[in-house]
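I am attaching a structure below and will ask some questions about it afterwards.
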Amino acid sequence: MSIREVELEGHIIDSRVLPKVFDLIMDMDGDFEVLDFEIGKEKEDESYAKIQIRGRNQGHVDDIVSELHRHGANLPEIEEVEYERAPADKSLPRGFYSTTNHQTYIRYNNEWVEVERIEMDCAIIIDENKAICKPISEVKEGEKIVVGEKGVRVVPPERPREKSVFEFMSSHVSPEKPSNSIIDQVANEIIKTKKSGGKIAFVLGPAIIHTGGSKHMASLIKNGFADVLLAGNAVAVHDIENALYGTSLGVNLETGEPQAEGHKNHLYAISEIMRSSSIENAIEQGKIEKGIMYQCEKKDIEYVLAGSIRDDGPLPEVITDTVKAQDKMREAIQDVDLVVMMATMLHSIATGNLLPSHVKTICVDINPDTVTKLTDRGTEQVMGIVSDVGIFLPKLTEKVLKNS
Amino acid sequence: MSIREVELEGHIIDSRVLPKVFDLIMDMDGDFEVLDFEIGKEKEDESYAKIQIRGRNQGHVDDIVSELHRHGANLPEIEEVEYERAPADKSLPRGFYSTTNHQTYIRYNNEWVEVERIEMDCAIIIDENKAICKPISEVKEGEKIVVGEKGVRVVPPERPREKSVFEFMSSHVSPEKPSNSIIDQVANEIIKTKKSGGKIAFVLGPAIIHTGGSKHMASLIKNGFADVLLAGNAVAVHDIENALYGTSLGVNLETGEPQAEGHKNHLYAISEIMRSSSIENAIEQGKIEKGIMYQCEKKDIEYVLAGSIRDDGPLPEVITDTVKAQDKMREAIQDVDLVVMMATMLHSIATGNLLPSHVKTICVDINPDTVTKLTDRGTEQVMGIVSDVGIFLPKLTEKVLKNS
Amino acid sequence: MSIREVELEGHIIDSRVLPKVFDLIMDMDGDFEVLDFEIGKEKEDESYAKIQIRGRNQGHVDDIVSELHRHGANLPEIEEVEYERAPADKSLPRGFYSTTNHQTYIRYNNEWVEVERIEMDCAIIIDENKAICKPISEVKEGEKIVVGEKGVRVVPPERPREKSVFEFMSSHVSPEKPSNSIIDQVANEIIKTKKSGGKIAFVLGPAIIHTGGSKHMASLIKNGFADVLLAGNAVAVHDIENALYGTSLGVNLETGEPQAEGHKNHLYAISEIMRSSSIENAIEQGKIEKGIMYQCEKKDIEYVLAGSIRDDGPLPEVITDTVKAQDKMREAIQDVDLVVMMATMLHSIATGNLLPSHVKTICVDINPDTVTKLTDRGTEQVMGIVSDVGIFLPKLTEKVLKNS
Amino acid sequence: MSIREVELEGHIIDSRVLPKVFDLIMDMDGDFEVLDFEIGKEKEDESYAKIQIRGRNQGHVDDIVSELHRHGANLPEIEEVEYERAPADKSLPRGFYSTTNHQTYIRYNNEWVEVERIEMDCAIIIDENKAICKPISEVKEGEKIVVGEKGVRVVPPERPREKSVFEFMSSHVSPEKPSNSIIDQVANEIIKTKKSGGKIAFVLGPAIIHTGGSKHMASLIKNGFADVLLAGNAVAVHDIENALYGTSLGVNLETGEPQAEGHKNHLYAISEIMRSSSIENAIEQGKIEKGIMYQCEKKDIEYVLAGSIRDDGPLPEVITDTVKAQDKMREAIQDVDLVVMMATMLHSIATGNLLPSHVKTICVDINPDTVTKLTDRGTEQVMGIVSDVGIFLPKLTEKVLKNS
């Protein structure tokens, strides 16, 4: 039998660190003894626990400690972080520390240094006195890569104290909850974020356009409720198709009927932009006078259109290289406080991968699968709402504009 | 090789009989020759076709003809219908004619007699000069049961000519169609049906109440847009829970938050009704002053609350015997022109089983499975809309009341 | 501000009582101070906590305590339980204690008495020195009904210690987990339960028959792995249809092709049974020689066929009164140790409603909705597996028979 | 009122052209008269119909004819195709002919020329005496682009005559069909295709690996049943993770349990490949000795790994530019006879977009949405099977290997 100790500190009840630690030890077939325990008397107080972990052998106990560490348990000894050099470009040394999406610090030169740009499944690079989180694709041969858990501290987010959609919901909203109050709460979250100077990103799928949501989303942008837009080629193409011809995929968005020859409209829309050589130019030339892309340009909103193998065209602003697109998305969501994902599995999961766990995230989709997959892949902070964006978005827009 | 002839008559193009006949022959590995074909010159004209079916042997060709017959192909000879006596109660003779849900006639005493109360998967009983469709559960020993296809004619419905939700939709509405125009069309269908003196049945699941739809549905009833209500115990219990305590399953429908001790409310609601010994009495006594059940009683709307093994209580008006409940439902939907099903798989499929194919049927559910199953089980006329009833119903109600 | 104290005792970490209590207080906007805390040193030791709850006023703090109580927190004072008389048949007094599905005790005549037949959303009746859990439908005027939480103790189940499918899974198995090992673990759970003398109930939907699973399920029954069968009319009808004609809903189960005239087969099957006046007689008369119903009769397995409004027939053994059917189901699952639900939403939820929380429950369905709804409705112990029963059941049967 | 005539020729019943034409005219609110009609006496004979279309005005009737044309109706006059020059790169002239995915011919220099590389939503380029289908992204300024429908003939596929999975299934297989016979039929289709010298493409999602399917798919490749593999980075990464460490996303594929530190394995796998600078090299160096990628390299199977914004790494062989990836996929599926798609929405829809309608296509997914979306987007030939690939693929592999 082998033994190691871990410490838990801070809001270990609010952040659910304590129960998760107990669960994990038992999941991994370990044993434990609580050596010391001081619970904050009041809910604002910090708590402290020292727990002795026992395993079958050193490897077993190390595995358990390593897993606990990812969830906020720390080794009591304060030791310097350890690193190794990257053996090659895009290559990580054995034993590298793989990041969580929680706030993370390393002990470097006797100081706790916060890791910048934290994101799950990446490596921590030590660059002079800075610690930077980098995806494997950006790792260069010879960079100092953190290995092991020594000198690394992880701080999972606390559960929000204020009454909010995030507290109210338990990670997954069944379609059997009162719709009106859910929309109210999402609207309030958006308003509150903007009032406190926060930044909001919207992640959109083309169903937004097909269901007639272009004008509603455009109105949110126009009124300052969107700071970043993440989408694919299809959102832009059909938004512009709608602006130019009143259709989406050839279906008239007023009548719901397919327009004669309408199946060509999205290709006409692409052709039109191609002749202007960019969406931006087309708007400047006055070709496009409404819609999501129009408002993005007018309000100078940052948008990233990421390419996919399903694209027609694609439009000139679309970043067809997926690695570059991912980088641009990563850049765009820095300092974002709230992310609203609607009707896209691909872009929602891709964005979820890049988000730190403290960023509030709402995902609205008619397919419960999208929410399940987001959570399964580690974006556990997401609040999933199973609803029909075609009716949800107009209602949400109305409430945001009315209540703000 | 064996040979038989069938005739097709009437609007065999509009009703899609012709293409279905060709398909079926090929599906069943048969061969055919078109002996005679006169197509209606204009779309209003009737057409006529005589087709020779060839099969490997008599059994094979009979099987094909039998299948074609169910889809509207007739034998050219006009012969009297044949029948046998039911061998026992709830028992059918070998070779009995199993009904489709299409309009059906039998040749009896040299006259074409329409089969009353047509419904799929039943038997035709000859009672004096009448032909009545009966489920196996109602068959009595000794009754005259139609056997074989001789003297039976099936008339599948034509596709609707007027512009309507039924023409516009192709059996299944993806959640990627313009929401606004879909709701408009359903609203128009409801208004049109009532304007022309038609009868509308609503089939509801409890999610209607949980999502805050009680007042909207109540308003549709109050304003005369519902003639029949089919639901289960849970709809009534939670509607009354909402009327009495403002909650559904303990969740406050205004704030969306669970009410303290709210989980007892549905049992209080049941207790309250039990003390009045019926919903009707409770309303008369002034205990309940709003909601779906209240409006049903006030407007004297026919409702059937059918029991299920999931029920708490159940309320006194609930018909706990499923055979009796089915009979009541069957009774209630006679002469209905439009059925709107919302958020219930069990009651939607059960009602679908009882409906003739010419009754317009709309099914709104967030789970596409409900629509798929309805269609798979033979309710092919259903127009499925995959949406969130929590937002769909208020919007629909608003449109119906505004446009009517 | 008002104040009350609660105590937590026992395996409050294993049973997740402690974290849930902290969460609930914060959810309900309360405040707390931990007055006393002794954590079991080792994982087998019991722990103890005394927590002071603070609320805005007496009502608020009472609401919080009441909610905590349902999850295993107790009032420190040991007081006698309180009761009131039922005001009418099927009617509960104001303030009645509404049961959870956890093991429950009442303090009556200075003794802790375990509540018999515990099941969620019911009342506790005191009958001489016994405490019995009863659904509202069985409550008689004048019976002693427990009110308030005084003298009531709730003991939530601990998480299982042994390695098992229940530990391995986190309530919901995504279809992205290794299929082979999941089936292995379910098979092991079945084998283990039988080896230790336990009782297994199967809850089945008709898709089991339509996908060709009749012989596999029959084989599990024949080999002694099923003690109770819960299903509806359709399972029995199509199982017998298959035994008599080799089809299910007219589709040949070997070739997968619809059989000519096959759509009549299920009505022939019903007719056949009706002429024998029961399934049991038909089997005795040698009409049926294989399948699920055949094995149930041969092995004298208890089965409950509960009626629904979708039924054709129904067969004589089907209990058409849903209240009586529910009672029979309740009876049948007493002392069951493992429940395996497959491909039925209605019967799974109905059975889930009746189960104590300590009964291990597995639900296999291709529709993730079934699992979500089961959990949302309080059957939190369920382990959901999203898979295709058509391939899952044969594989499971093979493994159970091979490994046992 | 305006009038135009169209002709239908060939197997207009088998190909369902005739009924579709009648439907479309009525959908579009037109009128018609059948001027001439000769139906093939026997099912092998060709038929002929001349139909007069009437509309409200010239525009209306043109719209109708234009729509009919896309479904195989031809103008009776044989006229030369018309073209215009592309106004710019990636830009199409007004009125360009937008392709269907059906076999298409143009009348050029008095000859019927078949359009090469036909694919939906593209343009037809005339290049000397050849007609080539090109996506808008490949159109160059000045190229001759076909406009209007004059001189264009579309030949929709006939329904297959032989008994096969495609005839048996009606576009969507519910999970309530006999599983065994479905797998048999898919296996037979694969065997038959290879026996007749055909080419099979597999389109795979990572769930194939997570559910333990790597070895089964590898075995299909090894035994010559796959000619082309289309997938994303994740399939390759996790297949290699499994080959190197026995895990997929850190989960041990034998035991189903998460491996300690396993969450790093996919990044180790990427690192390993990066150090070899390609999958190919890593295999040559003996690092990888089993799995899908291994067999692809050993059997020299063409594979396309297309990048997406969700990728980690990505691996060197992944084509990160989505336009280039699409081109490679387009190239790879030329002359493919059968496509089997499993567990991926993105790659299935992307591949479906590129396929001519005569290529047999099977899609297996647990999410019915994938199949619905494929069909909604025009890949109407797809046969959807809602099942669990984790159990489906091993069973399919077993049958293919045993029966071939």
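The chains carry the letters A, B, C and D, assigned in the order they are written, with residues numbered from 1 in each.
Here is the rule we go by: a contact is a pair of C-beta atoms (placed from the backbone, for glycine too) under 8 Å apart; a residue touches a chain by one contact, two chains touch by 3 or more.
Treat the numbers as computed from the prediction; the structure is a model and nothing was measured.
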Exercise for the section: Would you kindly say which chain has the C-alpha centre located farthest from the C-alpha centre of subunit D? Expected result: C
Handout entry: Contact-richer chain pair [C-D vs A-D]
Key = A-D
Problem - Chain centre separation in whole Å, for subunit D relative to subunit A (CA means) - result: 32
Problem - subunit B-subunit D separation of Cα centroids, rounded to whole Å - result: 37
Handout entry: Length of the line joining the C-alpha centres of subunit C and subunit D, rounded to whole Å
Key = 45
Problem - Contacts with 2+ other chains: residues of subunit B - result: 176, 369
Fill in the blank from the handout: In the complex, the residues of subunit D that touch subunit A are 28, 63, 66-67, 87-92, 94, 96, 98, 121, 123, 135-137, 260-261, 263-264, 267-268, 270-272, 274-275, 306-314, 320-323, 325-326, 329, 345-347, 349-350, 353, 367, 369
Completion exercise
Touching subunit D in the complex, subunit B uses residues 13-14, 16, 18-19, 22-23, 25-27, 29, 31-34, 37, 39-43, 159, 161, 163, 167, 172, 174, 176, 368-369, 372-373, 376
Practice task
Give every residue of subunit B touching subunit A within the complex, in rising order.
Solution key: 168, 175-185, 206-207, 210-212, 248, 251-257, 366, 386-392, 394-395
